[in-house]
Amino acid sequence: MNGIIVEAEIENIVDTVISDFDGDKTIDAVNIFNKPDKAEVTILVENLLRIIYPGYFRDRTYKIYNPNNSFAITIEDIFYHLNKQVTLALDFCKRRGTLTEESRAEESYRICKEFFSQIPKVREFIETDVLAAFDGDPAAGCFEEIILAYPGLFATTVYRIAHELYKLQVPVLPRLMTEYAHSQTGIDIHPGATIDKFFFIDHGTGIVIGETAVIGKNVKVYQGVTIGALSTRGGQKLSGKKRHPTICDNVTIYAGASILGGDTVIGENTVIGGNTFITRSIGANTVVSMKNLEMEYRTNNNELKTEEVVQSDEWYYII
Amino acid sequence: MNGIIVEAEIENIVDTVISDFDGDKTIDAVNIFNKPDKAEVTILVENLLRIIYPGYFRDRTYKIYNPNNSFAITIEDIFYHLNKQVTLALDFCKRRGTLTEESRAEESYRICKEFFSQIPKVREFIETDVLAAFDGDPAAGCFEEIILAYPGLFATTVYRIAHELYKLQVPVLPRLMTEYAHSQTGIDIHPGATIDKFFFIDHGTGIVIGETAVIGKNVKVYQGVTIGALSTRGGQKLSGKKRHPTICDNVTIYAGASILGGDTVIGENTVIGGNTFITRSIGANTVVSMKNLEMEYRTNNNELKTEEVVQSDEWYYII
Amino acid sequence: MNGIIVEAEIENIVDTVISDFDGDKTIDAVNIFNKPDKAEVTILVENLLRIIYPGYFRDRTYKIYNPNNSFAITIEDIFYHLNKQVTLALDFCKRRGTLTEESRAEESYRICKEFFSQIPKVREFIETDVLAAFDGDPAAGCFEEIILAYPGLFATTVYRIAHELYKLQVPVLPRLMTEYAHSQTGIDIHPGATIDKFFFIDHGTGIVIGETAVIGKNVKVYQGVTIGALSTRGGQKLSGKKRHPTICDNVTIYAGASILGGDTVIGENTVIGGNTFITRSIGANTVVSMKNLEMEYRTNNNELKTEEVVQSDEWYYII
């Protein structure tokens, strides 16, 4: 191909694409790049893991003699970048236009200090999550395996970090953090959810926990569980209302169960069986399971047998 | 351990492994590396996001004064690498052996020009997807949060890009692109599917949308939904046939529903309830939900109650 | 803000966080960084793919004339890093404190040699998985597309690698490998599972296959399938017992099915329909599907029709 023609054609392509950036669309940013940065938030999360689980996730830049020097550098670096991202985020969503550029800087600094002061409490909660995972999973070889490999713990950890920023009313960042965990694990915990100590997620892919869900102590949740809302027909008008269930202490929710609605409360010590569908409150100390799971069996000679599944004491425990 | 022995043993290991690369297996490439490159395609997708959402995703290489210079460089870079990957891909799958090396280069250049000419149209569709997400999700704080954080929008965006290359009959690349999105989101949209404007996916993990599915305007799809085929017993013989459903305008499909079969049509404004299982056509303006969801409740004193779930108007809306 | 005040405050934040690293918690590592490294294991897996599928995944460091030189370097590099990670891992979980540092080094070297000697056998199995995927999926364009893009093959490949290390009783590493695949694909195969040749996973998101599952030849599994345990009420006491089903040759398990329990055996050539729930053994040559899928249809005039779904011969095949 003729080099001069190619050059002209590429120039033409560039012009066509750029001339479409007319700023009239939502997807054309008005303030170019002047917004929270997805890639930076990912790095922030990975660095935060280094101080949540000190000694488990290595900084590859330095050879380390005194770990505390390394931790100090990591903390300072997180503070710097978090401060930058929070400052940017404070001009988005509900906070748009509410603060001058100078007061955003001050507010961000205040938020970051408050966030760091919560780290010991966050670590106290996460310590209990590790213990709950070890107790809950016979395949767990040791604590280190859980910390290094379990996606449920990773998603819970990122949620607990993001929840602190959510409570400090930082826009966008908390969701960017939990969506990073979602992309890594298939576990979608909204940063607004409230989750108490000793929380255990096993396998986890497909779990959804909504913004206004409230979850007590020592709750176990398996893959494919939705703790969700009943309807979005109200759309943006429902923003801020309690749309998701309350789960009390010591509840176990087996794989594929859906628990739905802002008025739904699951009482203490209750067990929700696999694949159930719950839209109203259930009392304490109850076991809920699906009834009438009839199946058909056909063999090669096409004889058809229908039988109801004989339910063992444990049939609802899918894990 | 003795260094000389170790060296000999490693040499032996290397020989054992390499001597197994005999070229008789499918998994031994005949033309080493002369094929589309998974890592390059990932970078291509990330760069394409920069010109689909100008100003949202930063190029980290340069400090920018004039954004248009940065966009121009990005577009040229995408063109160069896309052209390289398309040229390689044009000797695979259905296109294998159909073109000489020279005509592949020409065909690739033609395809890339055509692809870029479609970018404004692709952006027009994606603009509507962003609006649909904001309308559909009460937890959405602002447009920026959706663009930066929502996995459903990410998967839809990558699908819309890949679909253009699919229509231009580029082998392998479109699927590599949508599989990258699948790995990031758990949302598996085949590049061959046809999806109209204002498409909204919430949460998304576990969604499967098949190659020959046709989806109208303003359709909402929640986590765990399959818009799939009924059987693969036909295997490769079914290639090219319509095997997946048609979904008309304004349909909402709640979490965990399965809609199956190439002859299945879901009419306009119809709502498909959570966990339903649809293998035949449903008319317009209909609400479909599961019946007879009986559950068992046992309490500690082992008294057994069976009740059918009282269905509220909204019980089928799992989100 | 006053620079001196900021410096003092940051110093204070650093002290607060570090003083919480008191070593009393599980999440505070006693031996800093002296443990298997998640990021290294990810790189190991990616490098292993280069010698499992020679010529498909490129090493970006070197320009290559003689591929065998590149393969030799890759194999040596894998050996070195695998040996390092295995040596570290041998002091964790069941193996903690069982070996001196010197004997760990020797044991690790022995394990790595044994692992590499199994690579040709692993490749022999994976070759059959590629053939099974091509036969099973009408949307598959060619073998290269499957090898480069199919998440089911990726998860199966990583499982087959990890399973060899699991059999050699390496702690932590096998699970780190399969969790990397889980994070990329949503497919959670425990490295302890036993899976024979010609294994095919389609779509795959949400699949869980437990530690003691045994799967025969030519088995097909679709998205959302659980081959799982019935209960963890026994917790750590169940460790090592067979808790997951046995699936015989030529079985197909359609989307969303749950097959549960260590005594459950699915006979040869049997088909398990979509969304079924199996907790007891099923004979050979049987087709199992859900019965009584009644649904409700409401139209705008609020007239309510309830009908049982008319079942076609194929309605249970969700794919």
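Per-chain numbering from 1; labels A, B and C assigned in written order.
Everything that follows uses one rule, which is that contacts are C-beta pairs under 8 Å (C-beta built on N, C-alpha and C of every residue); 3 or more make two chains touch, one makes a residue touch a chain.
By chain, UniProt protein names: A, B, C = Serine acetyltransferase.
None of these values were measured; they are calculated from a predicted model.
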Query = Between chain B and chain C, two copies of one chain sequence, what rotation angle (nearest 5 degrees) aligns their Cα atoms?
reply = 120
Ask   = At the place where copies chain A and chain B touch, is the share of residue numbers found on both sides over half (same) or under half (different)?
value = different
Inquiry  = Rounded to a whole Å, what is the gap between the Cα centroids of chain A and chain B?
reply    = 21
Request  = Would you give the residues of chain B that are in contact with at least 2 other chains, written as numbers and ranges?
outcome  = 186, 205-206, 224, 290, 292
Task = Quick one: which bits of chain B touch chain A in the complex? Just the residue numbers, please.
result = 51-58, 60, 64, 67-68, 71-72, 75-76, 79, 105-106, 109, 113, 116-117, 119-120, 123, 126-127, 130-131, 134-145, 147-151, 184-186, 202-203, 205-206, 223-224, 255-256, 274-275, 290, 292-300, 306, 309-310, 312, 314-315, 317-319
Message = Quick check: in the complex, which residue numbers of chain A touch chain B?
response = 1, 6, 9-10, 13-14, 16-18, 20-21, 25-33, 35-39, 92-94, 96, 171-172, 175-176, 179, 182-183, 186, 188, 190, 192, 205-206, 208, 210-211, 224, 226, 228-239, 241, 243, 258, 260, 276-277, 279-280, 282-283, 285-292
